[in-house]
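In what follows, structures are represented as structure tokens.
In what follows, subunit A forms one complex with subunit B and a second complex with subunit C.
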Partner chain A sequence: MTAKSRQRLQGLLFGVIFGFLLQKGGVTRFDVIVGQLLLEDFTVVKIMLTAVAVGTVGIHLLKHLGWASFSPKRGSWGRNAIGGLLFGVGFALLGYCPGTIAGAIGSGWLDALVGGLPGILLGSALLAAVYPKLQARVFSRGEFGDLTLPRLFKASDWLVIAPLLAIIALLFLLLERAGL
Partner chain B sequence: MDVDHSNEWHWFKGGILVSLLSVASYFVFEAIAGRNYPFGITAGFGYLAGKFGGLFKALAANPVIQRFATKPDAFIEFFTVIGLIAGGYAASRISGTFAAEGIPDLWKRHHGPSLWKRGLFVLAGSILLGYGAALASGCTTGNILQGWAHLSLGSMVAGISFFAAGILAARILYPRIGGKQ
Partner chain C sequence: MNWLSEARWSPYAVGAAIGVLSWFTLLVSRHPLGCSTSFARSAGMIERIFRGRKVDEKPYYREVRPEIDWQWLLVIGMAIGAFLAAWLSGDLAVLWVPERWAAAFGTAPLPRLLAALSGGILLGFGSRWADGCTSGHGISGAMQLAVSSWISACCFFIGGILAAWFIYRVVA
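Now for the complex of A and B:
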């Protein structure tokens, strides 16, 4: 099997499993996602933070055991804050994000298929078109490269992970108390 | 409003299974591409946009379009997007919830049953979503599920911005009606 066809199979396999999990988790539904943004239904945050907590411990264990290495994404205030805020507005208008919209298309949502798919492609192409013009003036403002929290605070990975897990646990406790 | 979750798993089960899939990608993808990187979505849409962009003369020489079309993980992520559609289909078939629907209930309550109005907002929303995800180098999957687990500063900024803007925009788009959402 060639590398290309192995990659194709791998991508497909992870997609099928992820799509299945997202749909069974309930987060491919507009009502659930917008319910989260309205702070009425916390399914999205609960699934997300459970996965982040376990994932953070898991991949840092792998890293310390020497079984995996990963490279954090590079970022800047200009790209991540502007891109993030525009994404957020789109998130609320559309009621899906790029992963959940694909799962929503599979479960029969025509709004996701007819308007969402072409829109995302158009948005990506639009960014490509303006990128060379805005790169120097806007997007590269406040570059922080692949900086991570442990390097920012000059602390070991676990010294950052421990309070992070505590914050997530506290949040779950508060949600439980509030009956959400 | 109360959302019916009777056809779905408990969030803890969903969260644990998603995290296992995420950690597994560091093993599985290494064997393929010779380096560890997690699964993602955004580059897959970029790949498709790059393939279309390549058809238009004005965009064909664009460096971002070329990068979209040639990144090794973009090729993988394109197939992840195809897989997501199939996975969503399989899960909804098994749950017996598959149905061709156009307008979500919560949208209808606030903005009525017009397909044109929903279509226009969907198009505007997804253009912003595609633009923002490509600019922030990742969506909820790449920047939160993976990026927060990497403890990456850029992903923290992106993920917090997703929700800050999303929460604010949702308050304006779907205001309370008579004390109920």
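Now for the complex of A and C:
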């Protein structure tokens, strides 16, 4: 097997696990995602922040052992804040995100397959069409490159990770106490 | 193996498992979890059917090559994995209109389809504008402690919460 096809096979297998987990977690369902955005059901936030907490510790250990390297994305306010807000409006209208829609399609949702999927492809193509203009006029606003939180706060990785974990734990405690 | 047929798992267990999964994708495949780039690559591959090879010369597609890669198969795998999970719990059903939508706007498929299409357009456009989605920024980038990802993830939810409030509390 060539290196390329081995990579692709790995991607497929990791994807099966990821999709399985998302479905079991309930987040391939429109009702759960919209429930989160209406602040009635905190499943999405619980899954994402637990993944971030567990993932952060593990991948930083891997980095310190020299077994993995990071690729933090470069960004700017014009790119991440405006793009993020547009994404959010689409997220609420569609009720799935690019990852969970794959799972929604797999579990039989036709609104995802017939409406959402062509929409995402069309939206991606539209962005590709206007990319050079946006790059010149918007993406360059408020650039910060591949800045990370430890560099922003001039602190070591673990000095940022420890309070981050504490904040996530506190949030979970408050959510459970509120019965959410 | 009863747990495999349970309809829902604890969100904390699922989140922890996704966190562990992200160690292995980085260690084994040298890729963080992410999804939305694959939709851009697919859009390029579809455009190529109509417009030929000159699609590859577009500035965007010079950066995001319209080709099948690790992440593209990850997304295909995700549909298969969710199919298996839903099938094991007897959750597999072919449906048009989710409950929450039906409660607000009725059970007719067409309005839901139009909302999904327009939401999809915004989501695709916004994810490529922000250079990532709920998994690429919200999970993988956040755990790399990238500032771009934390800003994006916060804005996904700010935009989403405001829009959901408007759609379900004002319009409906």
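Operating definition for what follows: the second predicted complex is superposed on the first by the 180 of 180 C-alpha atoms of A that agree within 3 Å, B and C clash if a C-alpha of one lies under 4 Å from a C-alpha of the other, contacts with A are read in each partner's own complex, and residues count from 1 in each chain.
Just so it is clear, a residue touches a chain if its C-beta (ideal position, glycine included) is under 8 Å from a C-beta of that chain, and two chains touch if they have at least 3 such contacts.
These numbers come from a predicted model, not from an experiment.
Colleague: Report clash or fit for the pair subunit B and subunit C bound to subunit A in the combined superposed model.
Modeller: By the criteria stated at the top, subunit C and subunit B clash after superposition.
Colleague: Figure out whether A:A3 sits in contact with subunit B (first) or subunit C (second), or with both, or with neither.
Modeller: first
Colleague: Quick check on the superposed pair: does A:I120 touch subunit B, subunit C, both, or neither? Answer first, second, both or neither.
Modeller: In the superposed model, A:I120 contacts both subunit B and subunit C.
Colleague: On the A-aligned overlay, A:L175 touches which partner chain: subunit B = first, subunit C = second, or both, or neither?
Modeller: A:L175 contacts neither subunit B nor subunit C.
Colleague: Touching A:G11, do we find subunit B (first), subunit C (second), both, or neither?
Modeller: both
Colleague: A:L165 contacts which: subunit B (first), subunit C (second), both, neither?
Modeller: Neither subunit B nor subunit C is touched by A:L165.
Colleague: Which subunit A residues come up in both lists, the one for subunit B and the one for subunit C?
Modeller: 7-26, 28-31, 34-35, 37-39, 43, 46-56, 58-59, 62, 67-68, 70-77, 79-95, 97-112, 114-129, 131-132, 144, 146-150, 152, 157, 160-161, 164
Colleague: Residue numbers of subunit C touching subunit A in their complex, please.
Modeller: Answer in residue numbers: 6, 8-9, 11-12, 14-33, 35-36, 38-40, 42-44, 46-47, 58-61, 64, 68-86, 89, 91-101, 109, 112-165, 167-169.
Colleague: Which residues of subunit A touch subunit C in their complex?
Modeller: Result: residues 7-26, 28-31, 34-35, 37-39, 42-43, 46-56, 58-59, 62, 67-68, 70-77, 79-95, 97-112, 114-129, 131-132, 134-135, 144, 146-150, 152, 157, 160-161, 164, 172 of subunit A touch subunit C.
Colleague: Okay, in this complex, where on subunit A does subunit B touch?
Modeller: 3-4, 6-32, 34-35, 37-41, 43, 46-56, 58-59, 62, 67-77, 79-112, 114-129, 131-132, 139, 144, 146-150, 152, 157, 160-161, 164
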